[in-house]
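Every chain is named by a letter (A, B, C and D) in the order it is written, and numbering of its residues begins at 1.
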Amino acid sequence: MNLASDNVTGASEEIIEAVARAARGSAAAYGGDEVTARLDKLFADLFETDVTVFPLATGTAANSLALAAMTPPYGAIYCHEAAHIANDECNAPEFYTGGAKLVPLRGANSKLDAGALNAAIAGATPHGEHNAQPAALSLSQATELGGSYSLEEIAALTGIARRHGIGVHMDGARIANSVVHLGCSFADVTWRAGVDALSFGATKNGALGAEALVFFGGDAAARIPFLRKRGGHLLSKMRFISAQLEAYLTDDLWRRNAVHANAMAQELAAGLGAIPGARLLHPVEANELFIELPAAVLAGIRGAGHIMPPWGDGEGNAVRLVTAFDTNAAELETFIAAAIALAR
Amino acid sequence: MNLASDNVTGASEEIIEAVARAARGSAAAYGGDEVTARLDKLFADLFETDVTVFPLATGTAANSLALAAMTPPYGAIYCHEAAHIANDECNAPEFYTGGAKLVPLRGANSKLDAGALNAAIAGATPHGEHNAQPAALSLSQATELGGSYSLEEIAALTGIARRHGIGVHMDGARIANSVVHLGCSFADVTWRAGVDALSFGATKNGALGAEALVFFGGDAAARIPFLRKRGGHLLSKMRFISAQLEAYLTDDLWRRNAVHANAMAQELAAGLGAIPGARLLHPVEANELFIELPAAVLAGIRGAGHIMPPWGDGEGNAVRLVTAFDTNAAELETFIAAAIALAR
Amino acid sequence: MNLASDNVTGASEEIIEAVARAARGSAAAYGGDEVTARLDKLFADLFETDVTVFPLATGTAANSLALAAMTPPYGAIYCHEAAHIANDECNAPEFYTGGAKLVPLRGANSKLDAGALNAAIAGATPHGEHNAQPAALSLSQATELGGSYSLEEIAALTGIARRHGIGVHMDGARIANSVVHLGCSFADVTWRAGVDALSFGATKNGALGAEALVFFGGDAAARIPFLRKRGGHLLSKMRFISAQLEAYLTDDLWRRNAVHANAMAQELAAGLGAIPGARLLHPVEANELFIELPAAVLAGIRGAGHIMPPWGDGEGNAVRLVTAFDTNAAELETFIAAAIALAR
Amino acid sequence: MNLASDNVTGASEEIIEAVARAARGSAAAYGGDEVTARLDKLFADLFETDVTVFPLATGTAANSLALAAMTPPYGAIYCHEAAHIANDECNAPEFYTGGAKLVPLRGANSKLDAGALNAAIAGATPHGEHNAQPAALSLSQATELGGSYSLEEIAALTGIARRHGIGVHMDGARIANSVVHLGCSFADVTWRAGVDALSFGATKNGALGAEALVFFGGDAAARIPFLRKRGGHLLSKMRFISAQLEAYLTDDLWRRNAVHANAMAQELAAGLGAIPGARLLHPVEANELFIELPAAVLAGIRGAGHIMPPWGDGEGNAVRLVTAFDTNAAELETFIAAAIALAR
């Protein structure tokens, strides 16, 4: 099995069919098509409020554009030190903001700590033009270690942002998994909890390559069309992204996919976690688990051709395992059984 | 008919099938997959030389990344004043280069004039650090007015670039149409003629959304992986772009599509051009024509529901008409006949 | 004589003394000192209105900061094709704006033409996010060819800007010379004529190195403290810039200096202009003249050690001559007489 | 006394005189003058090797330009979390590098820890284009807490940089104070210890406003003229910066000034440190001390009109005291005696 990531997956059949269907005939370019036009209503229904939606091809584009719309080039963006925007996007947020600073903060299980956030903003404000100005807070839901912020945790952090007049962005590359895990609505976990803009991920949960940048009011969205074009992210045949998003939101495909991925993660956690010497490193609250396994088990699994890249500095026995919408349940059962057998 | 652009088209069946096929099973993310791996050889064969290829989702990304790899932020990029990079990309080249300057030059039929290029570079060099430093030349093939540079014209311009030690980029959003028009090879029109990097377009000629940035040697390509990721253009499921490119290069799909599009443009030019009072504004050397039509003809065509946006300042009777791989020959014949009838 | 430029000059005695005086004792850094505090009133008096003033060390900093405060990175800045910001600042405006585009426009005597400005803005607006958005107009007063816009000419251009909702910047590296030439007030030539921000130059007219960026209302000024610090232009011992500006505005030093420089230019124009074969290339409306001289005269002058760099492509007999606050009247008389003698 | 900083000071008499002297007569602009020409030799003598020197008006400009010459926009710059470039320059390094990332590292007394540096670089390298690429190390000498790295400490850190092929920048805003403290040469503490580029500060140690960016070989310096002009930091009358630097290096003015400042700091440390309840927070190895004083002492001193801003979060009794070239020894003695009296 390839458990390296949920972006090693293919795509849901419904999404491929939607793209094929959209390819028939001509349609206005650059998002002037009918599929794209239908997205506003679909997303408004999903989020139970009016939204502004920008279809995009990558999550890094969504994150960077959202932050660029909120942050002046002399701004500071507060995020967890493990955040994807800080570690895995090769300075894309700095690029799109024109040189804003990401301020990495600590916190258990890759969740931002309210105290650390408060202290960082407080430390920045009295120095006038000498330091970066507090401008945005960015949260990842699910987090980089497979956790899901509770609604209360989100509200506590966004409340701090609100008090200091800074915007709130949520990196939702795996937001469907968190919504399923929390048993809440998309509205609950975003604007009702104080989020201004969301990178709504679909690629990891069944799309070929489709994300949506969603704004819940405010005037930052008005700058996105220009920032998007300037970034080379205005697709001429946008309908092929929009069609993926439409299929993703139709008949709860997003939910079915995320429910499956999360269930597979729980199964994996239960199975591998019971191996003597195994140790789950973080709570499993979405579709990822981080686990230390006995060296012999690891070696055996890898020897059988399964793909499980090391986690961390690569010297220990920790791995990150990611399940997905297309994880085969039967294969997974066999895989777990084999791991247990290796541990004997 | 929708003759507004070749990006109002859907996609070739072969390309949709290739994407569907690539969606089966898991594959390494970020271009580590087997489809992407096969592109090197396919493009090397097409260009008859070793190349470095970067699959991308948009032409603006390809253009901007190419220019960013060649140009320091204090550089000058010479292009025609009608160039897409200068007029239609909302400062994307300035963004990716960190603030380089596009120097718009004149020339008939949106082809750069060698004298104007020489004069511009000569005027820039003696002033040391006071002005932007000559850094790159960017040509469009086909041009923004539907022309195709001859191989000699390209060589004359790239020769000037070479003498001043600056790089050469070609915006090949419609390069297949020019190659077909010129009856030459891709090698002839690019590296053999002195081009260093090419934005190889497939989207307008049959793909869902796939471009390739191609380098013919030099060390600029080494910076692209970082610039691409930083721009948010490294697709996690890159195989879905690569699969489109693979299908596009297989069994000469690119050629079949471009041959058809060009033939449709010639037919349209011959048909409409014969209308009394009609005037072709530029030579038809690819799949676009620019034509003035009698007001009554224009009104009649539009009244019948055909899409033909005005060209220029919108006050005259000029239109840009673009044919494509999927232009229906029978429909076009009917369309032309109707236009001729309107002129009577 | 060194007539190459007005920045080859030293400084007025009053200014040197002011710096020496300011150096006694300690004072709050970064503009918190008393000299800087006094500038607000001095400039308000000079401009007959409340202003916001930022002392700076260079004109390029003033220009670039002003434009950055007015222009989004996807914006277009309209200027004359001969403008200093377009030709002589090595992409500084592009840098500070984050990649905005300078749109070079034509016009006689390096004065912007209202028709050209109107056409450029009109051409940009209908294309939505596809092209740079009209954001600012930048005028040079005096112009790059030694002209001074009349108050009516300025108002006509700023009126166009106002109608399109874009800001107006004036590059006033030699504004004192224009004010003296026009016989108007600083208020007349700036905010009363529709200018939003002014790069107020003092360096060329007697300072060691001191410019002021002046805003006449609007909210763009609020961003300057951060943009200035980020650009490395917040001087820790700002009082040494402020002291120069204070001295410059005291007892009309600026006026005395400019009156002298302009008078010297007129004298030079009259003297050299009378030489058979000489040809003044542009009206002399400040402290610069552009003139073609017979080759023998040029050679003779240069042979005598006078500094007069060639103008233009360097192949003709044109020179730019710049007078200044410290041009020695007696030396100039001798110089002119010698030139006339050479012409015989 | 104003002990808030060494940039509240005026300037050495020698420096003011040098500026006044340089103001006589005309001279080529933009650094083409004779004073600037003499700097190369003066700095070469000081550093015992050939160097490339760029006179500048601010330390932030020197730091940012040095880093921009070394770092691609997708690069990572390693520095102490207390570094001036990270905390006090409003994203200037991010601006000048085009969006590079400052990676803040821990270490006692604001000295970078070799282990932390090693770990940070090691963690960055295996992830390819996904994260910022190690590009530069920046050290402050003296450090932000008044310490001076020993030559061995510098060499250990630059050795790590060298092994990873990244450049080394030193922020020497107070380098004269460290050189005096260590009893070494400028060569010892810079290029002999592995430093590639130095921000050589003079402003805090007696200049009106003059810094020099010094390169010890390598090809990064070749980009500085363009980056400097683009940043608005090429002063037209550069001789007035150069004259300050010339005077600063003449007759060991730099040394006399730094010796005095350091001695005053030691005196202050000895005097205040002996107060019961006082606590020196960091070793005094240059001209700054960080000390906790009894609340009553603090209140008394401030009540007497002395300027001593709080240090840190402002809630404790810690202060930063900075001595300088112009600290009056007699006044300081009185000040110390008064503090001691307050403590009784």
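Note that a contact is a pair of C-beta atoms (placed from the backbone, for glycine too) under 8 Å apart; a residue touches a chain by one contact, two chains touch by 3 or more.
Keep in mind the model is a prediction, meaning the values are calculated, not measured.
If you take chain B and chain C together, the chains in touch with both are A, D.
With chains reduced to the mean position of their C-alpha atoms, the one farthest from chain B is D. Chain A and chain C, compared by their mean Cα positions, are separated by 51 Å.
Separating the CA-averaged centres of chain A and chain D is a span of 42 Å.
Between the Cα centres of chain C and chain D there is a gap of 34 Å. Annotation for chain D: residues touching 2 or more other chains are 30, 73-74, 89-91, 95, 98-99, 129-130, 133, 226, 229-230, 234.
Chain B meets chain C in the complex at residues 73-75, 87-91, 94-95, 97-102, 104, 122-123, 126-127, 129-133, 313-314. Chain contact summary for the complex, chain D toward chain B: residues 30, 72-74, 98-99, 128-130, 133, 223, 225-230, 234. Those residues of chain A that touch chain B in the complex are listed here as 2, 4-5, 7-11, 16, 19-20, 22-30, 57-61, 63-65, 89-92, 95-96, 203-204, 208-209, 226, 229-237, 240-241, 326.
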